[in-house]
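In the two assemblies presented below, chain A is common to both, partnered first by chain B and then by chain C.
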Partner chain A sequence: MTDETNKTTGARARLSRRGLLIGAAGSAAAAAALPGAARAAGMAPGELNPDLSYPFYGAAGQAGVMTPPQRYVFFMTFDLTTDRRRDLQVLLARWSGAIAQLMKGETIGQVEPSRPDAVGFDTGEALSLGACGLTVTVGLGPRVFTGTYELAERKPALLRALQRLPSDALRPELTGGDLSLQACADDPQVAYHAVRDLARIAKETGAAVTRWTVMGFGRASAGKGQATPRNLLGFKDGTRNIREAGEFDRHVWLNEGPAWQRGGTFQVVRKIQMHIENWDTDRVSDQNAVFGRHKLSGAPLTGKAEFDTPDFAMKKPDGAPVIPDNAHIRLAAHENNGGIKILRRSFNYTDGINQYGLLDAGLLFISYQTDPAHFEALQQKLGAADALNEYIAHIGSGLFFVPPAPREGSYIAEGMFAT
Partner chain B sequence: MTDETNKTTGARARLSRRGLLIGAAGSAAAAAALPGAARAAGMAPGELNPDLSYPFYGAAGQAGVMTPPQRYVFFMTFDLTTDRRRDLQVLLARWSGAIAQLMKGETIGQVEPSRPDAVGFDTGEALSLGACGLTVTVGLGPRVFTGTYELAERKPALLRALQRLPSDALRPELTGGDLSLQACADDPQVAYHAVRDLARIAKETGAAVTRWTVMGFGRASAGKGQATPRNLLGFKDGTRNIREAGEFDRHVWLNEGPAWQRGGTFQVVRKIQMHIENWDTDRVSDQNAVFGRHKLSGAPLTGKAEFDTPDFAMKKPDGAPVIPDNAHIRLAAHENNGGIKILRRSFNYTDGINQYGLLDAGLLFISYQTDPAHFEALQQKLGAADALNEYIAHIGSGLFFVPPAPREGSYIAEGMFAT
Partner chain C sequence: MPRPDVTRPILASVGFAALLAFSQGGAAQAAEEGSPAPVVNGAAQVAITLTGEAGGTCALDHAEAKAGPVTFTVTNRTATAITEVELMSGSRILGEKENLAPGLAPVSFTVTLGGGSYEVYCPGAKVETVAFKVNGAVATPTGATAAILAEGTKGYARYVDGMVLAMVTAVDRLKADIDVGDLAKAQAAYARARPFYERIESDVEGFVLPGFKPTDNAGNLDYLIDMRASNLDPAVGWHGFHAIERDLFRDGRITAGTRKLAAGLQSNIARLGKLVPGLTYRPEDLANGAAALLEEVQSGKISGEEEAYSHIDLADFAANVEGARQAFAFLEPGMKKIDPDLTARVDARFAAVDKLLEGYRDPTAIGGYIRYTAAVKAADAVKLSKAIQALQEPLSRIAEKVATAG
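What follows is the complex of A and B.
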């Protein structure tokens, strides 16, 4: 870690160069570069390497979307508190400069400044922990694109508030937000430090204040060959997730619209409470029917191994489908949803014990897709019919546009401000 | 992991053998065996080994006290809801059998039972994650030792409610408890799974319900040579902690009293909220004066390197002490407290954002000592004078007697029930 210089002012200076370095983004080749970088770093799934770092600057999507999921997330949203366009610009520029340093495992300036009466630029708790695979992904909520910031005409065509969905039990204090930060790392202290110091910058600029946050965990341990982590219902989660670069291009990255949006994506976040104590009293045969999979192996009820393709047509001798009509994997499957696929990047969370003395836990569901309507279509169906609904409640929600990664010398969404 | 048999009934069956296998515990040689086992397992500080496991049964103190601190903790307390002595016995016996399995990285019975209409014995979310260094340490609160359970006469001589201490800001919902579980592991899902399934056993027996809980993190990442983790004030925490086996014998393990208490210890738990946003606005020179150490290096203000012994007599040219009179390390030092030392085993925590929009975080302070009065003596002094008090509040508290580890074939505190 370097602790010699305060580099956070660099991004601010670059404001005058806006527009200069915004290039085309979102091509298949560029989008595929990110997991390539991870492979080049020699990272095996689940391996813990404190020196693993991903580039912040690039020609395609932001890190933290295609990046192999890290072990921890701190997700935080912010409300804008300024009505000045320039404050928003300064915040995004300062965040960009700081994130670039954090993702390299550096501090964002001196922890113990040489001038004795100075306040530390960096709070210091991640000193010498390494980058630990940190990615910080920045999202812009609908209220960014309003006349207040002269950005109404820059609004991505598909961005708007999420529809009200069946089985929504949203709490206002866990919903919405004008900006989002998804900080993921293999060490929770590294992820927390990033969000904390970025929140501090937001406060200093006067542009934004914290709104809601969730800390998540869930990556499997190293060396045991478990590719698919389990959620707190005990089931593998993510078996049929998007994995191939071509699928990312079709289902995740925007390939049209203004240049500054290409390589972007839409981030949907849901805080899903799970009633795990009720779940734990259910028979496992019922739990398997709820998911349409075997708890132990993760295999679909029609197969033997986790990655066997579910056979939604297979019937039992009595004519009933082997995978029930209201099973989670049937309702969510792309085969039954006109080919819709979304990238899920979820983490488990716990909030301790609730007011009834029950364990309070669940899933921080994060998905990325080319259109928020894709999430809505799936959730319309799941919320109305999913056998899982008895055991879960969607209590928090957010929708954000994630612009592409900035080129070096630029900052997040700089092209959005171009006049 | 084995998933073939339900072994949780084993410990219950062993109830009839109580007293048989309780041996002497707490000798220096026996107490020193635990860190020896860790060394034998080839574990370097910070290394992540999913197969690392510690023995639950033994002839000395419970695991989770001398054990090198793992990366995560789930600490949970319980209220007893039964007035039957036998229910308490059954709970401690079932907990013991389950903990022995969990610490080996096993499930506590089948996740997906072969009988199709059965409920799973184990909730399954830690399947194939390995033991990850799991330790579960069981504590007994003051209310265990009452006439209700015919245990009033078995009360450890030094166990009682903690005194009211200066600067206490205790919240009833985060304070007290009749039983405690400290589950530590290098994977949070392993630690959470242990506490969850043990809470489920408590519920099944009808003997106890959950009271309060804290999830903590804080172990430094592997391979970066950081021996001392940092707290969320950015300072190294634990530089002068107890490390030698001889110190454990003098300051941590009980060496007198009835046989079933020897090798035991007293566990003090404090949830300490830190006002980190206020702290972050303070000059680092002030922060250094508050601790009496340099933030970056961890060296005492009178020295150059972290492990230099503080010189409490050293004066500045103007006659003022180099380490201020109200500096944390001066007030807490054994040199200034009649030789008192306590073992600290603390973790950072975050509760997200508080009602004022400020980051809500702090330290789950856990200490082990031969006498709760040792903690009280230090905290009397710190609470009254510590310069740190402006930035912290003790909001939760608990005191528990931690009996020695059971011998194989026995269970936690079996000797306490001997008639």
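What follows is the complex of A and C.
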């Protein structure tokens, strides 16, 4: 398998070199070969369609969960600043109306009002960019369900703060939040504009202020029909992810509880920092052993092609397992976790260079599951034993309940206010 | 007025057929005239329904009512692009509802209307204005709210005058302490003088001394009084409060230069004291001034740039907020009539900021608040900034409302 992939690389390298050497004539051939190469890298050409838009209203889960991951994310959490139930209702209703507008690629109001003393309703920076596949997914944190808002009895049965988990290095300023917005789009400015303007509404209604945020570039998980992209460690991410509707129904969407919760799901968010420089100086055989997969092809160490099923029982001649005991995929695979599966919908992020002069980057890990305990069960094991721990640190965390999509004429979680 | 303008071209261009359309229109109008809004508990009841149909529709169940109290009840069924409805007479807002969104319970507002033509304004709808007619005695335009607001601006002018007078006295004191070379007293006098300026700085911006170009900082009173190290114009040099602050707090000594600076500040403040009493304000000036003071908090105080040597930034912070609150308080009686919801939200955010500031009070410290050191800033700047942000957004909506109040 390594032979084959290396051959492909060789061919590609030769091709581009030839393209450089013999100029225009050769570059046509090189260009012809490129789409295939580009696809292999997880970037289907011509993918960006500014008019791509998804409906906000619906009868099932919110958009942004099952939606094929877009290229960019702008994720933000909020702290509630009000103790009035009605302010929370108004905020969720204003957000819902505004998100419906934004997902159609429209403004949320006038950009340049005719009255000279008016401030713009919409900040304007996404004008004419199109919807670019924007989805905005709203999550509710544990503090929403308190007596303050007369919602204590409405708390989803499984919602609570996440347990403290092994290797947690959580920073308070990157942790928690009463509300979350996950805005994903194929244009970063579209995603940014959405959250920026929704944050203004939060402040204007007096209901909430911003808490922590991550801007992610580059999806690091594949949806149905998408080529598998790569995370910043250079590995294909999302090979064995939830894809089929049946799996979503079993592992992601709630199908019991009060009507307003059905079609909901739990969102776990972890800001995971990577020690990029250390990783880059690690030999490739060790990198492969960390994940239990080959870097280039994405194939399990026990197989040849990306989608080959890993064989966790396979042994080397010396009796050691081919996929090491502390390999990431061995610890996380459903075969070794009582059938637990979670939807991973992560994005790469960078915060520039840190105070030590190191690249400050990592993975904005976002998972959706029917029970936060499913995430905890996996992270219990990973946090304790994952070979990857040497190269990462979980520095931010949040848990939110994501109610189902509202029907037209309603708003997110309206049902939880019913008396 | 707009109605006939719209119908006339149709008549002209469609010619004969238009006569028919006109008579039909007349019939429809007659039917509506036959059913003015029903009166319940003494108020005519009009329902305004917002839907997403045809790119956003704003519909009234009755297009007219009898003179007297009229209650408008607004329901947003499916209109995601419309979040506000206003009742207008010409360019004046008589009543309004905001924060409308699909799914929320209907909300209503009541206004007392005399006979005449009005408009319901629904920003974001495909057709943004809908005509509304009131039959009966034409009320003499009361301009009640505008009058209340105008009264407020006079009150605010007196407040500003008072601040300037107090500032003149406080700066005289500062100069006296500097002249006798009493460092401790001068430091305390500096901290006492600063808040007067910070409360009203948005009103005293932009004064240019006679004979100077607007672009020449040598004639810019705000520059001469309040310039910080970070904004120095080398051609003009450093004058005013912060140059004195540097001498008193960083260098810890009073020199001949300090005395010269104090004399300069005294004369510039005296000039200000002469200019300010003549000023008049429009309601929107108060609102925009309050917003500008909060911008000052965000850009100068939370960063700790304003009082880089004395570290009394929190005293300045409190003074900026106090000035903004005064401006708002003078608008409040009128604002309560225009938009009680927004007024309550702004009130609540001011209260939250005050509560936060309470925690920093220290009567033994110069300026009355703890020193805003690097450590305090590192620990609390985010908290302080968020409280101000939460106040800025709702406050920024006020200027438009008071500028168009009826």
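Keep in mind that, in the parts below, the second predicted complex is superposed on the first by the 364 of 419 C-alpha atoms of A that agree within 3 Å, B and C clash if a C-alpha of one lies under 4 Å from a C-alpha of the other, contacts with A are read in each partner's own complex, and residues count from 1 in each chain.
Everything below uses one rule, namely that a contact is a pair of C-beta atoms (placed from the backbone, for glycine too) under 8 Å apart; a residue touches a chain by one contact, two chains touch by 3 or more.
Source: prediction; values computed, not measured.
A.B. asks: In the superposed arrangement, which partner chain does A:A384 touch: chain B (first), chain C (second), both, or neither?
C.D. replies: A:A384: touches no partner chain.
A.B. asks: Output check: A:V214 vs chain B and chain C. Expected answer is one of first, second, both, neither. What do you get?
C.D. replies: first
A.B. asks: Is A:L129 touching anything from chain B or chain C once the two structures are fitted on A? First, second, both or neither.
C.D. replies: So A:L129 only meets chain B here.
A.B. asks: Quick one: classify A:E112 as touching chain B (first), chain C (second), both or neither.
C.D. replies: First partner only, chain B.
A.B. asks: Which holds for A:A227: it touches chain B only (first), chain C only (second), both, or neither?
C.D. replies: Neither partner.
A.B. asks: Applying the document's definition of touching, compare chain B and chain C: which contacts more of chain A?
C.D. replies: Between chain B and chain C, the winner on chain A residue contacts is B.
A.B. asks: Go through the superposed model and pick first if A:P406 touches only chain B, second if only chain C, both, or neither.
C.D. replies: second
A.B. asks: Thinking of the overlay built on chain A, is A:D282 touched by chain B (first), by chain C (second), by both, or by neither?
C.D. replies: In the superposition, A:D282 touches chain B alone.
A.B. asks: Return first, second, both or neither, reflecting whether A:A157 touches chain B, chain C, both chains, or no partner chain.
C.D. replies: neither
A.B. asks: Let me test your reading of the model: by the given contact rule, A:V90 touches which partner, first (chain B), second (chain C), both or neither?
C.D. replies: second
A.B. asks: Hey, what residues of chain A end up touching chain B and chain C alike?
C.D. replies: 113, 116-119, 200, 203, 209-210
A.B. asks: Residue numbers of chain A touching chain C in their complex, please.
C.D. replies: 79, 81-82, 89-90, 93-94, 96-98, 100-101, 106, 108-110, 113, 115-119, 121, 173, 200, 203-206, 209-210, 406, 408-411, 414
A.B. asks: Hey, which residues of chain C end up touching chain A in the complex?
C.D. replies: Touching chain A from chain C are residues 52, 76-81, 83, 99, 101-104, 123-124, 284, 287-288, 345, 348-349, 352, 382, 386, 389-390, 392-394, 396-397, 399-400, 402-404.
A.B. asks: Chain A touches which residues of chain B in the complex?
C.D. replies: For chain B paired with chain A, touching residues are 3, 48-51, 76, 111-113, 116-120, 123-130, 132, 186-190, 192, 196, 199-200, 203, 209-215, 217-218, 220-226, 229-235, 276-277, 280-285, 287-288, 294-296, 348, 350, 352-353, 357-359, 361.
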